[in-house]
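In what follows, structures are represented as C-alpha cells.
Below are two complexes that have chain A in common, paired first with chain B and then with chain C.
And then the complex of A and B:
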C-alpha cells in the first residue's frame, strides 16, 4: 500500500507506523538515527552523574563538588524527554509533526541548561531561549508554506516528484531547525560540559546532531 | 584590539561571544524572510487543500465552525482514509449548555477554546491525533520547567 518514493536517500522502507494521517516510517537511514537515539536515551536512563573533584595546585587539598539530587532528577527527566522527542522526530512522516518534535527538543534543551544555578550558564540559557523562541517562527512558517503551496503535509506525498515544494519553505525549515538545534554552541561556550550532572548534557548534543541529519534528509528528499 | 587581525580572526572573535549569536541568528532570519517576501509572488496557493478551512461569519461558532451534523455522516478529508476508519462520525460536539449558548448568542466562537466540552475537532483528534499528543507534551514540559524553576528556592 505505502511505497516510500525516495530510492535515492535512505533506501527502501522497512516498517511503517500509522497514526491517522501521520505515517511514521523506518527506512535504513531513519532506523539508524532512531537506534542511535534509543541508545543514548538508554544511556541517560542508566547513567549516574559524575562526582567531580577540583584539585588545588601546589598542595594536597581538593574540593569535591556536590551533586544536587533535585537538579539531578530534573535534568534526567528533561534528558529522557529530549530523547523521546528525538525518537519521534527521527521517524515521523509528517512535516508539521516534525516541527512539533523539533520545538519540543528545543524546549527540553532549555530545561536541561536552565536548571543550573551558575550565573554564566543561566546567561547562556537565556540567550539560547531567545533563539529557540525566535526559531519557532521560521520553523512553523516553513510548514505553513508547505501546506499552503502543496496542499498536504505528508512526507509520503511530498517526497514524490509530483509536488514541488518552494525553496523558501525548505530554507525556513532549515533555519528553524538551526535555531532549535543551536544549543551545543551555548553549551560549549558556557562550559556546561564541565559542570556537575555532566552525562545529561550529552543529550543536547545528540538531539541537535540527529535533528540536523533528519532535516537534511527531509529537505533533500522534498 | 590589534589592527592587523585577519578577517577570519575577527569573525571568530565575534561569534565566540554568546551574546552575538542571537543577533547573528536574527540577521539570518531577516535575510531569509526578505528572500521569502521577494519570492512570495511566485508561490501559488494550492487549491486542493487536504485540510480545507471555510469561514462562515454568520455562524455563532465562527472561527471554529467545521460544519456537519453531530453523529451523522459528514465527509472529512484525510490523507489516508484507510487509517482513520471512524473519521466523520462525530465532527463537532457541543454540550447542551454550549448548544444553548450558540443558539442564543453570537459569542460562542470567542469562548469555545476555553469552554469545557466545547468542541471535538475531527481533524485534530482523529486524523492528526498524534500532533495533539505532541503539542500537549510540549506544554507539559514547559510547565515542568517553569514549576521547577519557580520552586527551586524553597
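And then the complex of A and C:
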C-alpha cells in the first residue's frame, strides 16, 4: 500500500503496479476508465467493420460500400495500439508518462483515420494531425513546468499537497490533451465519422474521452 | 442491489411516461397513458429481433450491454456514496454509447445521429463545471461527504445555484423530445437508435430509464441532500415535470443552434468558476 493521497477525489487506492520508480495505481476511478479501455480494445479485436449504406440523392437508389481487407488490417492495428496507449494513460502514476501516452494516442488516432482513402476524411485527418502536433507543445510544456517548479513528476508526490503546482502548468496539460483529440477540435471529427470501420473509428472517441477524464482527475488532484 | 436496479428501471420508465404525458397536456393533447413506456419496453422484448446485414455485429450488440452496464454502475456509485467524478465519467462514456450505436449499423440515419452526437460534445462540459464548483465548496468529490456537508451547512442548491443550473441543463440535454434532442430527431427517423429494434430496443429503453433515474437522483442528492426515499422520489418527480414543461414549450433546435447555446452556457459557467476561484482563494 502506498496510500494514495486523494481518496476523496477518485476513491481509495485499490491496487498498485510498480515499474521501478514509476508506480501505476488503480483507484475506483482509474479502474473504471481502465476497464472501459480494455472493453473497447477487445471489441476492436473481435469486431468486423460495418458496411456503410449510402443513398444516391434524387432517387430511390442506395448502395453498400465494400470493405478493403488491407485497410481493415491497418485500421485494426492502429486501433489496438491506440487502445494499449489509452490503457497506459489511464493508470500511470507519472505525469511525463501520461503526456507520452497522450501523444501516442494522438498519433494512432491520426493513423486510424488517415488509412481511409476519401478526400474529406483525409482532409480532416490532416487538420487533426496539425492540431495534435501543435498540442504537444503545451502538453510537454505543462509537464516541464511541473518538473521545474516542483522537482518531481510523480503523481504520488504531486497529489500530496506538500508541493504547489502552478496553475499555468495545469492549464497547459488540459490544453494539450484537448489538442490531442477533445472538443473544441471535435469539428474535424465529425468529418472523420465519414470513414468506414465503426469499431476502429469509435476508438478515436473512446481514447479522447478517457484521456480527458484522466487529465481532469490529475489536474483536480494536484 | 438487484431489487433496487429493478425498482429504478420501473420508476425510470414510469418517469418517461409521465414526461410524455406532461408534454402532451401542455400542448393541449390527451397524450399516452403514463405507463406507456413500460408497455413499450415489454412489447419490444417480445418482438422479432435480428441484426442488420450491414452492421458490425459485435459492436452492434456489445454497445447495448455497455449502455446497461454503465448506468447500473452509476446507480451503484450513487447508492454507495462514491465519487461524483465517477458519475461524470459515466456520463461522458454514455457519449461513446451514442456514437457506437449510430456508427455500428452502416445506416445513414444512425450515422447522422452519431455525427450529431459528436458535434454536441459541449453538452457534457456543464457537468464538469458542476463537479469543480462542488469541489470548491465541499473540498471533496465523494457523494457521502457532499451529503454530510449539506447536513451541516444546508443545501448546495442555494450556495452553488449556478452549478445546479449547469446540472439541470445537463439533464435537459439528455431528455427525450427536448430542445437539444437532435440525435434522435424525426427528420433522421429515430437517429442513432433507428436500427436497434426488438430486444435491443427494449434493453436500450431499460438503460435510458436507468439513466433518467440516476441523473434526477444525482441532482437531488448533490444539491439538496440525502432524504427519505419517498421524499427523494417526490422531488425527482417535480424536477422531471419542470423539465417536461421546458421540453413542451421549446422547439427542437437545429444542430448548430444547439452547439452554439451549449457552448455559450459552458462559457458563462467557466466565468462563474473563475470568479469562484478568485473569491474563495
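Definition applied: the second predicted complex is superposed on the first by the 198 of 222 C-alpha atoms of A that agree within 3 Å, B and C clash if a C-alpha of one lies under 4 Å from a C-alpha of the other, contacts with A are read in each partner's own complex, and residues count from 1 in each chain.
Operating definition for what follows: a contact is a pair of C-beta atoms (placed from the backbone, for glycine too) under 8 Å apart; a residue touches a chain by one contact, two chains touch by 3 or more.
Just so you know, these numbers come straight off a predicted model, no measurement behind them.
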Check whether A:51 is in contact with chain B, with chain C, with both or with neither, and answer first, second, both or neither. second
Tell me which partner A:36 touches in the superposition: chain B (first), chain C (second), both or neither. second
Decide which partner touches more residues of chain A, taking chain B and chain C as the two options. B
Return first, second, both or neither, reflecting whether A:216 touches chain B, chain C, both chains, or no partner chain. second
Which of the two partners, first being chain B and second being chain C, lies in contact with A:179: first, second, both, or neither? first
Share the list of chain A residues that count as touching for chain B in one structure and for chain C in the other. 182, 186, 189-190
Provide the residue numbers of chain A that touch chain C in the complex, in ascending order. 8-11, 28-29, 32-33, 36, 39-40, 43, 46-55, 64, 182-184, 186-187, 189-190, 193, 198-199, 201-202, 205-206, 209, 212-213, 216-217, 220
Residues of chain B defined as touching chain A within the complex: 16, 18-19, 21-22, 25-26, 28-29, 32-33, 35-36, 39-40, 42-51, 78-80, 82-84, 126-131, 134-135, 137-138, 141-142, 144-145, 148-149, 152
Sites on chain A touched by chain B in the complex: 1, 18-23, 70, 74, 77-78, 81, 85, 88, 94, 96-97, 100-101, 103-104, 107-108, 110-111, 114-115, 123-124, 127, 130-131, 134-135, 137-138, 145, 147-154, 156-157, 166-168, 171-172, 175, 178-179, 182, 185-186, 189-190
Residue ranges of chain C touching chain A (in the complex, touch as defined): 53-60, 62, 66, 73, 82-83, 85-86, 88-90, 92-93, 95-96, 99-100, 103-108, 111, 114-115, 118-119, 121-122, 125, 128, 131-132, 135, 139-142, 145, 263
